[in-house]
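As written, the chain order gives the labels A, B, C, D, E and F, with residue 1 at the start of each chain.
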Amino acid sequence: MSEEGRTKKFMFVNRKAPYGTVYALESLEVVLITAAFDQDVSLAFLDDGVYQLRKGQQTKGIETKNFSPTYRALEGYDIEKLYVEKEAIEARGLSEEDLLVEVTVLDRQALGKLMDEQDVLLSF
Amino acid sequence: MKFGILVNEGPYQHQASDSAYLFCKAALAAGHQVFRVFFYHDGVHNASRLTEPPQDDRNIVTRWSALAESHGVDLVVCVAAALRRGIKEENLAPGFRISGLGQLVEAGIQADRLVTFGD
Amino acid sequence: MLHIVNKSPFTHSALDTCVQVGQQGGDLLLIEDAVYAAVAGTAVERLVRHALQRFRVFALSPDLEARGVAGQLIEGITLVDYTGFVELVTHNKTCQSWL
Amino acid sequence: MKFGILVNEGPYQHQASDSAYLFCKAALAAGHQVFRVFFYHDGVHNASRLTEPPQDDRNIVTRWSALAESHGVDLVVCVAAALRRGIKEENLAPGFRISGLGQLVEAGIQADRLVTFGD
Amino acid sequence: MSEEGRTKKFMFVNRKAPYGTVYALESLEVVLITAAFDQDVSLAFLDDGVYQLRKGQQTKGIETKNFSPTYRALEGYDIEKLYVEKEAIEARGLSEEDLLVEVTVLDRQALGKLMDEQDVLLSF
Amino acid sequence: MLHIVNKSPFTHSALDTCVQVGQQGGDLLLIEDAVYAAVAGTAVERLVRHALQRFRVFALSPDLEARGVAGQLIEGITLVDYTGFVELVTHNKTCQSWL
């Protein structure tokens, strides 16, 4: 499905918590489609975005679909570049063991450098 | 230059849709091409032909329709987001079309720049 | 009076304003993305401890569970479900949502 | 006790509408009366009968309609906010009615408690 | 138009800037209706809400209606209780002369005390 | 790279994160409610001065005028209209909206 055979570097910048707003869920839907277009996809989790990857989400009490298992499924779509902001997890008392998937932890400046190297940034 | 635009919020509640429209107008006036405007999340509400703002206010929906008419801008509404929020062919304003998220990815690939407006 | 906060304390100032404006002896309920404030060991714990000196502080358990953070609350915060939310509203004469 | 509820955001984009619904359900289960739910700002989108969420997701609009049906909750959509955003009789879901802001003020006067859900 | 002759104390708590979102404008519409119901109406401006009262708003460039003159018209509806948060105007480098209308400046604790005395609080 | 911020710096952390993540030499454009950051003499002026050491900083004049704050900018910030906004986007290879 690649468009004219072109491959671009797409980065999804996720900065919002899940469930309070729909952005995290609808962002994931774009991630999956972008991978289907054979693009070079990476995801960055900054600020409250790191909460999207929190283990143990149980949404029965708010009668809303728990979409966090989808992050585990990303590997099956060859989406393996997941970056997490070091300052964000530290401020929230989280460690890598609290997260659903394996990630690369980078500080803010290293994340900024990666962002600078992208062709397309998508942020919701 | 070829621009793609992403609008994530509905009309009137947030300024995002106004900012995106004024950006498109300025880009077109400067001789650039606005290849596509993609409406996602609550942005799909920009496509409702049923909106009736007060007489002394701007009409955000008809402004978009006029941009499609005068400059051939492709106004695409995400089908999944639209179904969730009640935008369908029966209440779709002129100049808009409903399609898949692939149209957003394609805009990211084909456009020289993709600019996002949201909340 | 019942203060209801629904914004993340890491990205919005709503909780901070609420704590500074609210009168001693009021109730504070954390819902939606504000429940992250109830978790121990974060950068906003000091603000919440300050809130605990002024108000009774509650957090909505279905929102904590949805976000996977129900297990590590700051001491002194009381968990409530929606029934408890309703009781808090009836118990207080008025409520203010710090949107 | 007699509750009035104000909902300021549309379905799916923000949790406000979910929280308001679950609050109403709990209040009714505890034997209280939910006198009126008033939908203002983007909250008017809760009344669109055209929404079609995915099969595995909750249907926010029909949930409200069911509450009106089963408990006689008065679901009022602000006419000015609705016109601006494209909600009209033709796309109004069952159990909702369109009326003026006076209905919100009246809810504030008549209800023992008015609780606001928004962003 | 009073409802069963009852008068309640309604306070509108405005905490958002104008134009970025519609809340300030649509809040004003409720204020006017509430006054028409012969209720005891007051307005509090906290946080970015104080910007609603900023003099000199010129909205031509964003093609949006300038609704700030409405605040001047409130007096004609006998709405005269306007309270402004002292800490908010100070943090924003504003003084009372920068505001469109005459207001009472109160610190946060005094505003909180007033809020406690209301029957209905409306916040958008 | 162009950083676009549209949130009030008094109530949201978006500008703060942007300044800390963005690389030296980038461009920063303040639009919508973020234009309040461009005003001199406020509690966030220090953050904006820090931004000026890292980026060229611009503010969208129609948004400043709408809010009545066009007359008192921090030195070093450049005013642009929508045409200037478009030029900033063309000048930078990519842009990130810090929503």
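Everything below uses one rule, namely that contacts are C-beta pairs under 8 Å (C-beta built on N, C-alpha and C of every residue); 3 or more make two chains touch, one makes a residue touch a chain.
Here the structure is a predicted model, which means the values were calculated and not measured.
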Path length in the contact graph (chain C to chain F, fewest steps): 1
Touching chain D and chain E alike: which chains? B, C
What is the distance in Å between the mean C-alpha positions of chain A and chain F? 26
Centroid of chain A to centroid of chain D, CA atoms only: how many Å? 33
Calculate how many whole Å lie between the centre of chain A and the centre of chain C, each centre taken as the average of the chain's C-alpha atoms. 28
Pull out every residue in chain B that's touching 2 or more other chains. 8, 12-13, 15, 22, 41, 57, 80, 114, 116, 118-119
Multi-chain contacts in chain A, i.e. residues touching at least two other chains, fall at 15, 19-22, 47, 62, 64, 120-121, 123-124
Considering chain F alone, which of its residues make contact with at least two other chains? 6, 10-11, 13, 32-33, 62, 81, 94-95, 97, 99
Full enumeration of touching chain pairs: A-B, A-C, A-D, A-F, B-D, B-E, B-F, C-D, C-E, C-F, D-E, E-F
Could you please specify the touching residues of chain F with respect to chain E in the complex? 6-8, 10-11, 32-33, 36, 39-43, 61-63, 65-72, 81
Contact footprint of chain F on chain A as seen in their complex: 13, 15, 46-47, 87, 108-109, 111-113, 115-116, 118-121, 123-124
Given the complex with chain E, which residues does chain B contribute to the contact? 12-15, 18, 22, 56-58, 119
Given the complex, residues on chain E that touch chain B span 19-22, 62-65
Chain B-facing residues of chain D, complex: 10-13, 41-42, 45, 48-54, 57, 61, 80, 83-88, 90-91
